[in-house]
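Every chain is named by a letter (A, B and C) in the order it is written, and numbering of its residues begins at 1.
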Amino acid sequence: MNAFAHLQLNVNGQVHHVEVEPRKTLADTIRENCGLTGTHLGCEHGVCGACTILLDGEPIRSCLMFAVQAEGRNVRTVEGLQDGDRLHVLQQAFIAEHALQCGFCTPGFLMLIVGILEKYPDIAESQLLEFLSSNLCRCTGYENIVKAALNAAAVMRTAR
Amino acid sequence: MTTTLRRTTWVGASVERLEDRPLVTGKGLFAADINFARQLHMRIVRSEHAHAVLKNVDTTAAAAVAGVVAVWTAKDIADLPPIEFREGPQPKLAPFRQHVLARERVRYVGEPIAAVFAEDPYVAEDAAELVTVEVEHLPVLLDAASSPAEFAPGLSTEAAVCKQEYGDIPWAFETSIHTVALDLAIGRHSGVPLETRGALARYDAARDVLELHGAAKVPHKNRESLAKMLGRSLASVQVYESHVGGGFGIRGELYPEDILVLVAAMRLGRPVKWIEDRREHMVAANQSRQQRHDIRAAFDAGGRLLGLSDTFYHNQGAYLRTHATRVADLTCAILPGPYVVPAYRVHGHCRLTNTTPTATYRAPGRYEANFARERMMDAAAAKLGLSRVEIRRRNLIAAHEMPYHRPVTTLGDEVVYDSGDYELLLNKALAQAGWDDLERETAARRSRGDLAGLGLAVFVEKSGLGPTDGVRISVDTSGFVEVITGGASVGQGFETVIAQVCADVLGVDYRRVRVVHGRTDRIDTGVGAHASRATVLTANAAAIAAEKVRAKALRLAAQLLETDVARLTIVDGTVVPKDGAPQQGIGLGEIAHRLRPSAGTWGGEDPTLAAEGWFTTPHMTYPYGVQIAVVQVDAQTGAVRVEKALIAYDIGRAINPMLVRGQLVGGFVQGLGGALLEEFRYDASGQPLSVTFADYLMPSLSDVPEVEVLLTEDAPSTLNPLGIKGAGEGGIAAVGALIASAIDDALESPGLITELPVTPQKLKALIDARLRKRVA
Amino acid sequence: MKPAAFAYYAPRSAEEALHLLETHGDDEARILAGGQSLVPMMAYRLARPAHLIDINGISEFGTMTTEADVLRIGAGVRHTAFYDEVAPGPTGALLQNVVHHVADHPIRVRGTFCGSIAHADPASEWCCIAVMLDASIVVRSARSERSIAAGSFFHGPMTTDVRTDELITEVRIPILPGDARCGFAEFSRRPGDFGIAMVAASYRILGGRIAEPRLAVGGVEHRPRRISEAERALAGATPTRDAFREAASVVAAALDPLEDGIDEAVFRRSLLLALVPQALERAA
């Protein structure tokens, strides 16, 4: 027990060498060992979604996974969304639509939406809304998050 | 003083927020994101008993864990006083304050008993589990409406009774034609922001400065309290606010953990970091709303209020925290709302119980008061055979009666409604919603077995609590503007709004304005962000300061351009002749350069292109609103679906309508939580039952209806030059009342809903009981 | 909410996993599949396994196949696999419908069908479906393999027939006939929340009457079960609203609801009066 594991984690295309206990969550590891604090902890029991990241392209709760499980997988976090200084279409949409207030739930929503739109580009609005119900926001009342997601989806579809 | 905003390029425009870029790119700095070299992690050991005598706390095993540097109990901080009330000492209430770590007794599950300091948060949690606590159980009191018990020898759990009274209540009830009496309850719930609490302390021994990072809401007030508590000079305590994941009134008060990290940083000689986890938050952060009202109203034959009498029991939780009895006090003051109430009597019993301490949560005292009063108005309508609209019409304070002086006081301020045309807003809201059509449609649906109902609530809010705020504005030699404020951001868009106001006065692009907040080391005073005051006070102070900077720039430019001030204006950061070409102008940066201290002469002005501005307001300002909603009830399951809602709100003046709408809609959805979903529950022994997000349910996207916002500016505040009233609490304040009204209508049962939250189980039981009554 | 420490193993084969279970089974060993139920419990330190055996690397567990009218769902198959129709006819359609009631999308990406069965939360949709469809749960230890009928598998909340040295390797679901009709109805506070009550039903229509009725109730008692009294009442009846309501009364009377201090028996019974007809009507 408490034996440390040496891992190579692939986060946003970069390799991070970390040394963690098996019990250290992927969320904590990303935040502390990789220094990427954009992924947030809101509940640590998998409900709020603030910790959502993309694992091999799919949105998951990084608080419910251990870092040791992520070796050899492709991890994407909010820090990897932009292209240099150019914001991702969804990030721009969030700003334009006032889809954030305190910003704490925002990275989780961004990764959730990006993951869904990349995997299901022609997703029906009702299905998108069902998926968006996965994450909690306490500030905005959700309406602008929905607007931003729908706008970005439209832009991403035409860009293909 | 007059401040006219000459070019409303920015004010009134829904411009994008300055705050957003770091937040959407994951570069925000929330408390948990801050790290200092060699920091220790603090973990709190919390009481597992609701009420007990502490016989022994054994920390030996915990202290022996590798990586643990110290374990403290009350004896290690015996010199610390209890946490003081934010507004200053109140001797009668002093015995009810909370100590940083429990001394002889614990009074709620979650109360801090010990603190572990370790190299790593996982280790700290391991060690905390090894602290053993021996107790002797004491009887548990949970209900504020039952008789008070003993808080301590000679001290009752009824800490205070807040009272307001005017007019002749007995006469009002004697002469009334109709009276209404209701027994109402609002369930315990709270802000529950998505970011849990956190605090980091660092002691800079080189300069003898103690720093608290992760502050929020009222950095300056807190710094004052902390300095006093720790016996340090104000200048030797600095508070830093970075990003804050929602406040809603519950974050930013001084809690035991904030004190502990500071003392530990000094004594242990290393920075100390504390990040609350969610389970802790659900038992330790301030809760709110739990009140029981015994409300009676007297009406004349025409449905006009003669008198309002209310006795309520306010569940204060285990201790009086920084807010003392403020929430009960606010309830007393705002209960009459938008109506003429010739005689009024309210007694608010602040009672302590063995539950998590309670304090302010967005629209504190008002969510509760609005529920009680609007339920009462609906009941009166039913009893008198008037429509819910008509009874309100007959009692609303008229526009020509403004400013309206209600002989009650709150927060040291008389209640004077500065401006408002309540009936106008009611009419606009009814028209916008298509009230008459909605009545017909919902009635038709009900006749088909589709139980749809329409709800209404009218209310007055409060904002802009003064007395004073000040800012400092300076322009640098590149023409960039910095505004240093004592405000705070909890995510509401404070920086953007201040920047918009400055930019309009100064004639610059708002994106060239940097707004500093939450920093006690940059400015000595501040009002922070609460009570919807930041925009009202800070924006007005900023406008005043910006006006002075503008005037100074124009005076110097007039000299340099050899013309009169009256001929000049500022466009996009350049001072230009009003009728001339831009190249004849001189940039603000150039003017700042001319005014730099090393220039030697400054054209008769003081050096630097900078100024301070102070704004003082005698009273709070009172925005107001009307809310309408359509709900559908499933009589088989008790489920309630909110289909659509209209939030009508007069805000005086909207600096950024998009941000105002965001506040209103966000608040509205939180209000739905309190009406239908959220409740902190306890078992009979005082064990909290709502400790995960699977028990404490908050609205998700699927719970949110179509929301329309009708923002009006019909009654600008007369108390500040910008005419603004605050928006922060207008969305949430009447939602409990609104949904109850709609459910009653859906079930054609006036007065059915007397308690929040309306869970399916509760509603189903009410529906069944009513069916049995009808059959019988 | 950091988990207590544990020894971590990532076996690459079923044999390796079973050997680990044999060695550590009596010393607080738990299987980590999706982790979406286990890890939250570990965060609350309600579960404190000394040994955590991660089976995500065992590729043979990741398969799902249909053979001889049986759908075989391997231990590693994620909930999202059921977004597509995984079996012909009503069985696949039913699973595709029910998956949208299981938690939410990110949980479904990691969580596993067999994990839900092993976890045996009375409010689990898959447990209710497994019981309705008479699934068999295949359980292996290092020494033996056995198959347990879903009707006998669930003993109570979070309690199943699985022993400490065993793990579930697959769940086998008999595929319903092509003309079977299925319906599912659940009541929860918000979509994706734990089901306070749920009903899964299927039947065929032969000669205008209900044949081979199946009706399982979940979320209400300490384990999901088929309500044979209701099935008897439905068999041979014409599929009318009245028959469905009658079946609902039979169900409500036959139940022994959980009292968890939050949702009371009276309420759960009344929910079933609404949900049973809903499920039966959706099947029609």
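In this section, contacts are C-beta pairs under 8 Å (C-beta built on N, C-alpha and C of every residue); 3 or more make two chains touch, one makes a residue touch a chain.
Remember, predicted model here, so these are calculated numbers, not experimental data.
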- Task: Could you compare the number of C-beta pairs in contact for A-B with that for A-C and name the larger?
- Result: A-B
- Task: With centres defined as the mean of C-alpha atoms, identify the chain lying farthest from chain B.
- Result: C
- Counting in whole Å, what is the centre-to-centre distance of chain B and chain C, each centre being its mean C-alpha position? 44
- chain A to chain C, mean C-alpha position gap in Å, rounds to 29
- Query: Which residue numbers or ranges of chain C touch two or more of the other chains?
  - Reply: 1-2, 4-5, 40, 44, 190-192
- Task: Could you check chain A for residues that touch two or more other chains and list them?
- Result: 21, 23, 44-45, 130, 133
- Check each residue of chain B and list the ones that touch at least two other chains. 122, 277-278, 692, 694, 700, 702
- Item | chain C contact footprint on chain B (complex, rising order) | 121-122, 125-126, 129, 277-279, 634, 636-639, 677, 681, 683, 689, 692, 694-695, 697, 700, 702-703, 760-761, 764-765, 768
- In the complex, go through chain A and note every residue touching chain B. 21, 23-24, 31, 36-45, 47-48, 50, 77-79, 81-82, 87, 91, 94-96, 98, 100-107, 110, 129-130, 132-133, 135-146
- Can you name the residues of chain A that touch chain C in the complex? 1-3, 5, 21-23, 25, 28, 44-46, 49, 52, 55, 58-61, 63-66, 68-69, 112, 116, 130-131, 133-134
- Note on the structure: In their shared complex, chain B is touched by residues of chain C numbered 1-2, 4-5, 40, 44-45, 187, 189-194, 261-264, 266-267, 270-271, 273-274
- Could you please specify the touching residues of chain B with respect to chain A in the complex? 14, 16-17, 19-21, 23-30, 32-33, 122, 191-196, 243-246, 248, 277-278, 490-493, 658-659, 662-663, 665-670, 692-694, 698-702, 704, 707, 731
